[in-house]
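Should a chain be cited, it is by its letter among A, B, C and D, assigned in written order, with residues numbered from 1 in that chain.
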């Protein structure tokens, strides 16, 4: 690629415009404050904030994390200060940076989801990411996201009230993710993000207790990457709205793998705990790959897999 | 535990009697010949042989393996010499050892499964493991195993003809594995084994091709362990027939984790590629754990998790 | 993140190692009670970083000591590191102990690996009357007694099996002392039951107590909310986070259960 | 499985290393064309063992050489191993090359990392007229030319960029030779396209050809059936397995595609 043709990293994910396709994944990046000490948040395309609910939530009993081979289980259980405090305290902080804000929204009931969407539609954010896939709460979350009727009802009701790009986050804990994805698309989702965590469990054989205080938790990190790549590939081929891919991404190369599979953008979570610089560094690594391979526009990477 | 009370490792998995609960997992141990050079097969409780079909199968195009963080994807596609050659050539070999033989049986159609069960019921084996969960074949396998009607039809038809302990192997690629497990139990399974591999995919970003010649494959190895432990725990609590647990077991400690979750016995596959001695060594490690913790009978380990 | 050179590795006991890092950055910034979050290699078995407290700081030669016990795969890998190699550390992280004013008096109560962060705390309060009460399983597990006795005005050791010092719990040593002394602050770090007893003792007597909590961590910086610990919240409780709000808390704020 | 001591590590080029293992067991048992399946540590990124050919055997001092190129995480970890450490190896595995009878003549054709197993093959046929045709990308990538020239009666090198020897492909060197010579066997190891061309040339001329195939492996011993390679089966094909039936095959049996 000639020098003049610097890789163009801008993406437009169904109305969510970002200067590059790298987003910090919800629940792994707080509201950005903590990592602002480590790098300039403006280097990222977007930040998906910690999962929000109408009222503050206290979260699950500890321990909330267990380490597994190449991954982690978490059972945070959506601890958050509530959507109002988010709007009041966190948006102004994040707005100091040139980075898209994705508000990750959860609820226990259909009404909760609709209220969240109404409230967030008036807030200064760039996208609402409906979390229909949290495995760590008793009500809502994954329950809605793992059946077609469930997802159809929540997404279509939210759609009516939503005045922001509406991204729907899918759970991998389903038999056929393409059916769920198509139901979300049909119900009015502007884009999809996947995967949330896989339901898992670990036992301490010394004490014979589950390591997590909540018994089960959500698996993320490198271990899940092949499952996530497969689902992104399947979903990207099943729907015509853009897909944001995640699950175990730990480098720009991993991000490229998801984009080749069909992702329009990517999110990175767990790997950032090990190396916070993976977030900004991946942006440069994607650009490096594009330059080496002669891709001028990052959008051309999406789905550029060559099948056998 | 007093010296006299040596750990009793014998298990009876619904008629499958073994001197210890460690079984080599199907597809990872051939028909035992290859590893007989590495250790005495009589050290194991059982061997589940490579997945068998009525006719010989050639298997899928290579590459058939991809490495992923802490795991592997395979897409062998049930290459095997057919059930008749198995009976003729392999059973006599395995019968030289004091080890239970589990015949892992697959088919493309309901009729295939029933024929396999009829044929194997007359063979000198100890258990039939119905593989309703192979993700690497177009017909049969996972298609049957991922819906309740599918599993009900195959298991109940097979039950009618089956004169061996009937173990049904479940796929983890489902929304709710307890429903599938309960359907298999209701249809007449004597026991269940889980998990088979998780559907995954990996892309070589240099060539932009899927690494596997078959595009998608089945994920196994340490990476899947927390998902497998969770499913074993859920299933063991949902059914009253015994459950054989597997997925990423790499040591006696891992085996104990599955037994605490509710498994009556365990299978070990992928980890044996890295260290073939993991198969026999795990037996001793389980005994060591029991002696340290004061369990006289291995059956008491099953489900001995202490919930919070 | 930061790559710090290991200049020395010492085995202090069967399973306890001291790692000495050469780092002007750390000697200048590390405060007692803070911790480092250290990467233990790229192994399949220890994906996450491990939190290890700052144990001592030597401004003179620009080195920092951390001391750790081999507990599992992560600390095992740490123990295999060699002088000359670089450790990948984040930190110093977390909130430090608040010192007692010069002229005052302090008692530190440590149990097992909980003793390590207390050494540097004592060193930073030279004008305070300092008592160290340290509990270990057995005589063979006692480490850094010399270091502690050199920075404390008074040191007492308890072992569970009586093989050295007081036969019994370190909490008993504290109880005895509090019959006759009233320190300006008690600092405690160790197993949960020990911390609970000490905290209750102090609160009961109206003595300020600072506790250093442990919890399994993810990010170590406050972003993932996994390192939850119960905190009094009116009549109820809420979850605070050990890595960012702690690890040092006012004992009155913590709910032990 | 077997732990073999590394006695030397040598860098032969930018990205090619020779690892010398002290092992009476291996020197006694290893045959040319066989391979070892080596564990590359306990990293998250290289879970499986890696197959590496026996490159040379020195019965005198009981050592075995393997030579490998850094390609990815596994070989990178192998390259970081140090003399004194032990390598965890399975093998020798697989079927060896069949030698030409004393008095006969043989040509080995190697490309890149495919040259490595051919050295030991040549060494084990001292009474055969031996020609080595070796292809590399560029002069800087040429390794072990001296070793090859010492065991071959005649050696020719080709480089893709012409920076050393023949400018072009090693297959061209073979083609030229076969115009005037008729060896008793051609042995080939290297990239698939090269192996296909050589095999077709030989079959066309009725010259026996033995090929050493590569495939990603799981178990390395024939148990998992992942290392499939197409084999002629009447008018059709079936899948044979590189680790157990190979890696050396009669060229006539293989379907290249």
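Everything that follows uses one rule, which is that a residue touches a chain if its C-beta (ideal position, glycine included) is under 8 Å from a C-beta of that chain, and two chains touch if they have at least 3 such contacts.
Just so you know, these numbers come straight off a predicted model, no measurement behind them.
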Neighbouring chains shared between chain A and chain D, ordered by label: B, C
Chains in simultaneous contact with chain B and chain C: A, D
Inter-chain pair with the most contacting C-beta pairs: A-B
Taking each chain's C-alpha mean as its centre, the one farthest from chain C: D
Centroid spacing, where centroids are CA-atom means, of chain C and chain D in whole angstrom: 56
Distance between the centres, which are taken as Cα means, of chain D and chain B, whole angstrom: 36
Chain centre separation (chain A, chain B; CA means) in Å: 34
Numbers and ranges of chain C residues touching at least 2 other chains: 44-45, 47
Set of chain A residues in contact with two or more other chains: 61, 66, 69-71, 221-222
Complex interface listing, chain A residues touching chain C: 27-30, 33-35, 37-38, 50, 58-67, 69-72, 74, 76, 79, 221-222, 270, 272-277
In the complex with chain D, residue positions of chain C that touch it: 42-45, 47
Partner chain A, residues of chain B touching it in the complex: 61, 66, 68-71, 73, 146-147, 173-175, 198-203, 205, 207-210, 213, 215-216, 219, 221-227, 229-230, 233, 248, 250, 253, 256-257, 260-261, 289, 304-308
Partner chain A, residues of chain C touching it in the complex: 1, 39, 44-49, 90, 215-229, 238-239, 244
